[in-house]
Structure formats: structure tokens, C-alpha cells
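Structure incoming, see below.
Here the chain labels run A, B, C, D, E and F in written order, and each chain numbers its own residues starting at 1.
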Amino acid sequence: MGIHAYFRSLGGLERIIRCPGKFKFEEHSVAAHSWKVVQYAKTLADIEEQHGVKIDWKKLYEITSSHDYGEIFIGDIKTPVKHSSPQLRALIQQVEEGMVHHFIEENIPSEFKSIFYNQLREGKDQSVEGRILEVADKLDQVYEAFAELQKGNTEKEFITMYRSALTKIKDIPLHCVGYFLKYILPDLVNEETISPVDIRRITEEVLAN
Amino acid sequence: MGIHAYFRSLGGLERIIRCPGKFKFEEHSVAAHSWKVVQYAKTLADIEEQHGVKIDWKKLYEITSSHDYGEIFIGDIKTPVKHSSPQLRALIQQVEEGMVHHFIEENIPSEFKSIFYNQLREGKDQSVEGRILEVADKLDQVYEAFAELQKGNTEKEFITMYRSALTKIKDIPLHCVGYFLKYILPDLVNEETISPVDIRRITEEVLAN
Amino acid sequence: MGIHAYFRSLGGLERIIRCPGKFKFEEHSVAAHSWKVVQYAKTLADIEEQHGVKIDWKKLYEITSSHDYGEIFIGDIKTPVKHSSPQLRALIQQVEEGMVHHFIEENIPSEFKSIFYNQLREGKDQSVEGRILEVADKLDQVYEAFAELQKGNTEKEFITMYRSALTKIKDIPLHCVGYFLKYILPDLVNEETISPVDIRRITEEVLAN
Amino acid sequence: MGIHAYFRSLGGLERIIRCPGKFKFEEHSVAAHSWKVVQYAKTLADIEEQHGVKIDWKKLYEITSSHDYGEIFIGDIKTPVKHSSPQLRALIQQVEEGMVHHFIEENIPSEFKSIFYNQLREGKDQSVEGRILEVADKLDQVYEAFAELQKGNTEKEFITMYRSALTKIKDIPLHCVGYFLKYILPDLVNEETISPVDIRRITEEVLAN
Amino acid sequence: MGIHAYFRSLGGLERIIRCPGKFKFEEHSVAAHSWKVVQYAKTLADIEEQHGVKIDWKKLYEITSSHDYGEIFIGDIKTPVKHSSPQLRALIQQVEEGMVHHFIEENIPSEFKSIFYNQLREGKDQSVEGRILEVADKLDQVYEAFAELQKGNTEKEFITMYRSALTKIKDIPLHCVGYFLKYILPDLVNEETISPVDIRRITEEVLAN
Amino acid sequence: MGIHAYFRSLGGLERIIRCPGKFKFEEHSVAAHSWKVVQYAKTLADIEEQHGVKIDWKKLYEITSSHDYGEIFIGDIKTPVKHSSPQLRALIQQVEEGMVHHFIEENIPSEFKSIFYNQLREGKDQSVEGRILEVADKLDQVYEAFAELQKGNTEKEFITMYRSALTKIKDIPLHCVGYFLKYILPDLVNEETISPVDIRRITEEVLAN
């Protein structure tokens, strides 16, 4: 149908709720998550620039804002499923890419096809922009999990999410990760909470490894 | 942890919403869907019994009530994804079964293990009970899709869902399918609707093929 | 209108929320509750069978899955109202049965009438299946109330619900009740909680009486 | 506990949803309904005053704002249940009054008891204020039902609600009813609608009888 | 369009949620808030009458029930915005009054215009009824904020709301304020809570100043 | 508190619902809206680039993703209020900027202050990026309003929103506006709808002026 089909499809991500099946005090749509990732990434990139790193802002724009677009076709498949085997993970990614490919072929006018193929590619590569996306995406898991634990959510899944997201972040070689660990994370850990979970201890354990 | 872990896990299906990502006037949890499948199946089995067919009620009970239990672990993966390739479908089913297996091993006391393995197996086999489950599961798609179209939902997905569920049902060799097509479906098609979609014509097309 | 009217009516139980008027962190529809009762009952019956008790699975299927069907007509009348006087309780049950009767007369084809009268009868009799239904129904109150208390809900109603459901269960003479008290309940009480209510003490008080 | 227990209890009516079990595009709490009844009644009383009728504003204030307070204890029992037999209706009203009585005895300090007994009495008597309350209460049913039909709701219940509320209103001997029928109702009927229901015809039928 | 336009507009306050943008365990519509204010005011006025104060019940009825009607046109503008400068506050009030004025001119028949201008005026004047409205309005903020803190909400906004509402109330010269501080507030402070916030200390601090 | 305070604040836009007080079939948070604006803007900028226009992607990134950040402090003030007088509009913008200024002063470390002042500035200037933002922002109003009308929403507000957003867009001198009017808008107008509103005619009227 043309670009209209693409614009129309965006609403789908407002209706997909992250972390389905678990009790949560607050729900987050994939659209809202995507916006927060865009916002985190901008500040993270600012920090990189302050350290003299050159940022390709067009690329960063494209890969952050569209990084979960494929979920319009496959939904928010539970992380343990995605990661249960490297074979399945690869196959699911292949299906997602196939469906995005099919959508582009069906709907996007030929003069835009290469642009869309480029924008909707998997963005988490080893470039500085790819790494910033990876950090920003995990950062939202840290914030989501923390906000649930803080309100007294006792689902184990949120402890796991907090722990594994933080573990991923801390090993990514970027200046902004250093800034996050030194200045941002301590403020988060110091917030008031009614959680029976000792978030400070979990944080220290992750950082110690 | 024992049977408690199993009882506690059931709440997960109350939080998984069917058909994620599509606009709908009414949401349905997998738990509520499961209950409706149990109810349809009971009446379908009653119709079979009236035709002299012998029903294994214990088996029917087990396979209908638990038929979507595995979604606690994998969520409601969008149907087009599941079916996009036989290879993927097989792999996803394999993962789902692996996760159910893992749950049983971790949580269910040894004296109940064989019972749970049996109950949580894939139920849609070629037995009469397996076929009734298949009909009941698709019947809920017919009712869900119809209720959306009736209220004026214009998402193409619900037309597809209505059409493909009906197509599946009509070819299943059971007495209750005959009854459904002759007595139940006409009443449904005759309901008042504001839909711009011609549900009657779609129904007739499906039945004509 | 025929069986269609019955199938169509099932959706009503998805829209009736249990325990209206009280603050809760999570809402439960009567449909989802019904499904959980079906699931608990299946495992409770498995335990009975392990002790050599004979289960009529068809009967258990019918009475568990339909045990709250009458709420489609009368809604979830608050328990204190229902029980405020034996006279009122009897009258409400009479009205509910009258409305189910009326529904069957109006909608169900004559060849199915006796089946529906039988299925939609009050199932909590003194048979083993009737007792299992009673335990399963109360068990869901235990889980519902516990999940609210666990999250810090301070409404007195949930303490009352937990206490009275447990009190009912413990006096029902079934093997599965013994199993529940010995193996399942302790796991529940040991879960992490932020409740200012001492659930363990309440549990011990109930069991001591 | 004193007046605090009363103030605290008011929140209960924010959580009770009117017309449980039926599909609706918009839900209404009993608290919001109560506020609208207060607002309608004020204008209806203004119309009476314009015709020289004397209004007891204190009484009107008391009976309109508290007219559904008893639902805190009994919930929104479905109208067909309430009215299925005069005996049941009387018994339910008796239980409701008993529970309000019990609440006052338990919680309200002695110097306020007579005030609360007076305020929380059944207000729909044959006084002009009692009649205004009756009209205002039914008027909200007219508006609720109309708003659903207007959006294309095909549940029969809303046609019944519209018809029976209008039937009740038209026979109440008040100046404001004349004004409503002559000036307000025609504007309502003239609103744009996508309903397949012919609201104008139903309105004319009711008024013709 | 006449009175119908006014009656129809009331539904708008059911859709405006108080305190937008902050996490809350329970949402409150402006309609439900308005009803609670009406209820508090009635009891507060009863207390005044017990001390021999004469109440103009018609005026109290009008100003309490309509005190937030103007939010239909301007929404629930965040309090810090409204109060950020006396100039802005005045301008916003001017706009709100202008929009109410415009609504009356456009919709209300001439014989009712003066009545509506009077009813929809700003009611918080220095009369006893105006003061009761001010207390009742702030009282609902006390209850709303307390209910959130009690459940473990850690948003600072609710501490601020509790503190500032209580500060406003305690300086209003009315008998009912004395009663509230002496008999009602202590019961509220004594309720069970999981809040890490020391509500008792905050209350004592406010009262000490 | 540092950058943490900024990251933490983003969740506020997930809780602010656009177009408060009006009935809608689907709600949209300001966060989700912001993401869609980012996405539209990207494609609009791609179209500009195809016409040889140079895009400052960093600027476009900053102004699109943060264009409604100030609503965290002032909420979604109803458009008619904002625009009711140029004086009020100016004052509200001044307050919003004052609150953003205050937030930066209080929370953002000095080495980031100039970056944040720059990013959170009003972005709708006469640069190509500022114009793209204006188009993208209005485009989401077109899509939001259309989706409501399409489902049969009869609130006048959505017709007004559709008409005025389209009117704004069509006069903005950009290549992408030409593309939108020629290729995208016709596809939108051709979608199936149950609306009694003649969207095609309204569209043609707007374009003819």
C-alpha cells in the first residue's frame, strides 16, 4: 500500500506489552520503551562526544528508534524462549527478518526500499552506535525492573532482569558505561524502596564479578 | 517447590492477552479462553455421545483445560510466526515442550511426574477427544473474531482469523461439526452487526470450498 | 436461539470481576477463576486416585467448569450479602436457579435440555466430586487473598477471605486436603512477602482450631 | 472507628462498576453515576422552582448524593435479579438496610447516629425531592444506554435499559419531566449515531404508550 | 443545544484522571472526586449545624457538586503549573471562566442562564459554605495521598500533596476542622501501612506549625 | 540528583494520556506519541534527502524525541486552552520553559547543562528540521483522529483535530508534504470505515482551501 501501510503499522507497538505473563505494577508498551531507548541513547552519545568519540547521529537515530520494530510481526517473545537455544534464537531472528523483508517488499515503494532495508536491519553491531543501542536497551530493563522491585514486586523475573541487564551493560566498552556505573547507578540504588529484595547487594555482586 | 509452584503458575495465563498488537474492543486472557474451550468441548462431546460415540472424559478434561498451559513459558506467539515455516513451528513446539519438561523436573514431586507429563502433553491427536479439542479451540477464534467484526473492528486480522478457523473446523470429521454448521453457525451469522464486512458472504465462501 | 445463545453467553463471565468494591492489585474475572478451579480440581482428583478413590471424571468436569455459570445472570453478589441470613441465601440460590432454568427453557433445544439441567445444577454435594469442587473453589480464594496480602494490600477483606477459605478447606474429609495441608500450604506460607500481616500466624491459628 | 471509617468507605463506590457482565464501550463507577445524579437533580429542581414548587434542598442533597451508598455493602446486583420477585426485592432491600444499620452502629459516634440514619435512608418516596431523585437516577440510565447504542453496542440489555428508564420517567408527575420530554429528549435523539438500532422509533413507542 | 448539551458534557469529568503523570496504585476521575467532595461537605456541614451554625444548603449543594466542572474545558492542569505564578493562576482561572461563560452562552436557554452563571461560579469564597468546600476539596487530597502512601507509593508528589492539603485545612476557621483534627485524623494516622514514609511524623510536623 | 533524575523522569510521559476528557476507543500516551513522531520524522527527512535537502540528523534527533518532554511538568493541557489567547499561550510556554529550566538547574551536572538546555528547547523553528517536526507532530494527530473516526467515534473533537492538523500540514513548504498529500493521504482516505462522518469530503475541503 505504500508508506501509509508503514505509518499505520506503528500503532501495533503501542499494543504490545513488555514482559507478558508476569505481574507488574506498571505496564510498558514496546512503543514507550522504544522512545525511552531513543532518549537514553541520546544522552549516552553526548557522553561519548564529550570524550572525543565521533557519533554517526543518522545511524544512531535509525537503529535506536526502530530496534524493536520487528516485534510488530512476532510480538514480545519471552526472553527465555528466545535464548533457550542458539539455534532457536537464530531461527526466530531469521523469521523476524523474513517478515520485515516481506513487509518491505509488499508495501514500500521501490525508491525507498533500500532505505527501509537499511533502517530496519539489526542495529546491535560492534560500532559505537550499535554498542550505545545495546546499553540503552539494557538500561531500560534496569529501570523497569528496579521500578517494580522498588514497589514491592516479588516476582523473581524482575530480579533476574535487573541482574542480567546490569551484567550485560558493565562489560560493554564505552565511556558512557563508566559514567553510568560511577554516577547514575548509585543514585538509583539510593532511592527509597519497600522491596524485601536487597537491591544494593545484588548490584554490588554484579559489579564485583 | 512442589505442587504449589504449579498452582501458583496458573495466574500467568490470566496475564497473557490473546492476539497481541492488534486493536480490539475486548481483550481475552489465555485463562478465560481456556475456560471457554473447556465449556465448548463439553457440549461438543455431549453431541458426540448422543450419536453413540464413546468419550474418555478424563482425557478430554486433561487436554482441554491444559491445552495452552505451555504459553506460561513462551507467551502467545503470533500465529503467523508459529506457522511461517514447518521447521520453526517444530522448533517452537520443541522449545515449549522442553520448558514444560524442565518445569516438571524442577517442581513436580516424583510420584506425580508421570501424571503431569501425560496431562501437559500436546492433546490435538487424531482421537475423538483430540479432534473435539481442535474444534473447540478454533470455535473460540470464530467467536472472538465475530465479536470484533460485529462491533465494527476493521483490522484485517480478524477476518483472516474468522475465515481460517472456520475452514479448519469444517473439515474435521465429527458429528458435532455437522451440528455446529447446521444449527449454531446460522444463528451466529444472523446476529445484528454494524460491520462493513459481509460476514455472511465470507461464511458462505468458506463453506462452499 | 439454540446452543449459540449458550456459547455466546460464556463471554459474560469474562466481564464479571470477583470481589467488587475492594482495592486489589490484580483483578480476576469469574471466567479465569473458573479455569483455575478446573485445574486445581484435576490435580486434587489425581491425588484421590492415588489413594484408590474412584473419580467420576465426567461429573467432575461438568460441575467444576460450570460451577459459577449462574453468575452470568446474577453477578458476583458480595459474599457477606449472600450469607447474611440463611433465608436470603436460599432465596438468592432459588433466583439463580430460576434464571438458569428460564435460560435453558428459552434457548436450549429439547434434545439437550436434560443434559443442561444436569450440568448447570449446584455441584457442591457430598460426593467426592462435590467435595473436590468445594476444596478447589476455596483454594482459589486462598491463592487470591494470599497474592494480595503478599503485595502489601491492607484491606481487611483479604485477611477474612484467606482465613475463612482455609477454615472451610481443612474440615473437608478428603485425602487431597491432607496433602494440601502437609505439602502445598507450607510452600505458600514460605513465599517472600512485604505484608505487614503475619500470614504464618493466621495460618497456624486456623490449623490449630 | 468513627467518621473516618465512613469517609474511608466512600472509595468503595469508585470500584463498583455498573452493569457488570455486559460488554460496554465505556465503564461507569457507582461514584461517578452518583455525581451525575446529583447534577441532574440540581437542574431538575431548578426547573421545579421556576414553576413555583418549593424544594427542600437539604433533603435533596442528602438523598441524591447517598442514594447508592448501600451498594458499598451489597455491590451492583443486577437489576433483573433485584426485581425477579417482590419477595426477593424486599429481602435484598432489607439486607442492604441491615448492613447500613450495622455500619452506623459500629462506626458512627452516637451524636451523629440519627443524622446518618436519616441521610442513608431510602430516598425515593413520594415527596417532590424523592420524585426528582427517581427521575435523575433513571435519566442516567437513559444517557448511559444511549451512549452505548450510539457507538454501535448491540447488547440487547442497553435497549431494554433505555426503554424501561424512559418508561419510568415519563409517568412521574413533575414539571421537570415535561421539560425533559419536550426540550431535552429531542436533542438527544437527534445526535449522530452508528447504531443499527432505531432509537427514534423506540423513543416514540415509549412516549406513545 | 440546550440543557442536553450540559447533561451530555458531564461524562467528560469521568474521563479526566487526577494527578496525571504520576504513578499511582489507584486512579481517581474528577467525577468520582466531585462526588466524594459532596459527601465530605455534607458531614462537615452537619458538624457546623451541631454547633449552631446556619447552613445555606442550596448554595452548598451548588458549589460542591460543580466545583470542578470547569475542568471539562481545561483538564486537570497540574497544580504546580497553576500555582507557579499568581499571574498565570489568574490567567488560567480567567480562561476557565471564559470557557464556562462561552458554554453557557452557546448552550443554555435564556431562562436558565442566570441560574447556571450562579451555579458554575467559583465557590471558594469566605462564606461558611465556601470554607466547607475548601476543606472538603483538600480532605480528598489527604485521603488520596494517604491511600497511595499506605500502599507503599514512593512518589514524592504524594507526600507533598498530603502535607500541603493538611496545612491548608488546619488554618480554616470552622468547627468541623477542629472535629477533623481531633477525631478523624488520628484514626487515619493509626491505619496499618507498609509505607517507608513516616506519615505520623509528617502529620505532627504540620500540626505543630 | 544528576542524570538519574532525568532518566527516571521519562516514565512520566508514559502516564500522560493525550486528549484527556474525550471518549476514545484507544488511548495514546505522550511517550508512544513521541516515538511515532520520531519515526514519521525519519521517513519525512529521508524524502527531503531524496530531493537533495541536507538534514542535520543530530538536531532532528534531539528536537523530535524531546518535543513534548515539557509535558512531564505541565501535563497535556487541552489544545483549546493553550490556544484560547495568544497571551495565555505565551504564558503557558513561559511556565513550561521555566519548569524545564528549573529541572535542569536542580538536576543536571554542570558539564551537561548546555547540552540539555539545547536539547530541551522549543524545536519548531523555521529550519528544515523544525518544519519536519511540525509536520510529524501534526501527522500523528491526523492518524489518531482518523483511527477514532474510522471506528465510529462521534465526538466532534476528532473531526476538528483531523481537519486542523491537515490544514496545518498542507501549508508547510517541504518536499515531504507534497509526497504525503500525493501518495500517503489517499491511501489513508481509502481505508474501510464505519464512520457516519464523510472523511473524504472533509479531506477534499481542507485541500481545496
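Criterion: a residue touches a chain if its C-beta (ideal position, glycine included) is under 8 Å from a C-beta of that chain, and two chains touch if they have at least 3 such contacts.
Everything numeric here is computed off the predicted structure, so don't read it as measured data.
Student: Identify the chains adjacent to both chain B and chain F in the sense defined at the top.
Tutor: A, D
Student: Of the chain pairs A-F and E-F, which one is connected by the greater count of C-beta contacts?
Tutor: Pair with more contacting C-beta pairs, A-F versus E-F: A-F.
Student: Measuring from the mean C-alpha position of chain D to the mean C-alpha position of chain E, what distance in angstrom results?
Tutor: Those two chain centres are 24 Å apart.
Student: When the centre of a chain is set as the mean of its C-alpha atoms, what distance in Å lies between chain B and chain D?
Tutor: Centre-to-centre distance between chain B and chain D: 41 Å.
Student: Cα centroid separation between chain C and chain D, in whole Å?
Tutor: Comparing mean C-alpha positions, chain D is 32 Å from chain C.
Student: On chain A, where are the residues touching two or more other chains?
Tutor: Within chain A, the residues that touch at least two other chains are 11, 13, 23, 25-26, 147, 152, 194.
Student: Between which chains is there touch?
Tutor: Going through each pair of chains, those in contact are A-B, A-C, A-E, A-F, B-C, B-D, B-F, C-D, C-E, D-E, D-F, E-F.
Student: Any idea which chain B residues touch chain A in the complex?
Tutor: Going by the criterion above, the answer is residues 11-13, 15-17, 20-23, 71-78, 80-81, 84-85, 87-88, 91-92, 95, 98-99.
Student: Chain C touches which residues of chain A in the complex?
Tutor: Its residues touching chain C are 23, 25, 152-154, 194-197.
Student: Please name which positions on chain A make contact with chain F in the complex.
Tutor: 1-8, 10-11, 13-14, 26, 28-29, 31-32, 34-36, 38-40, 42-43, 46, 50, 55, 57-58, 60-62, 65-66, 109, 111-112, 115, 119, 139, 143, 147, 179, 183-185, 187-188
Student: For the complex, give me every residue of chain D touching chain F.
Tutor: 25-26, 150-152, 191-194
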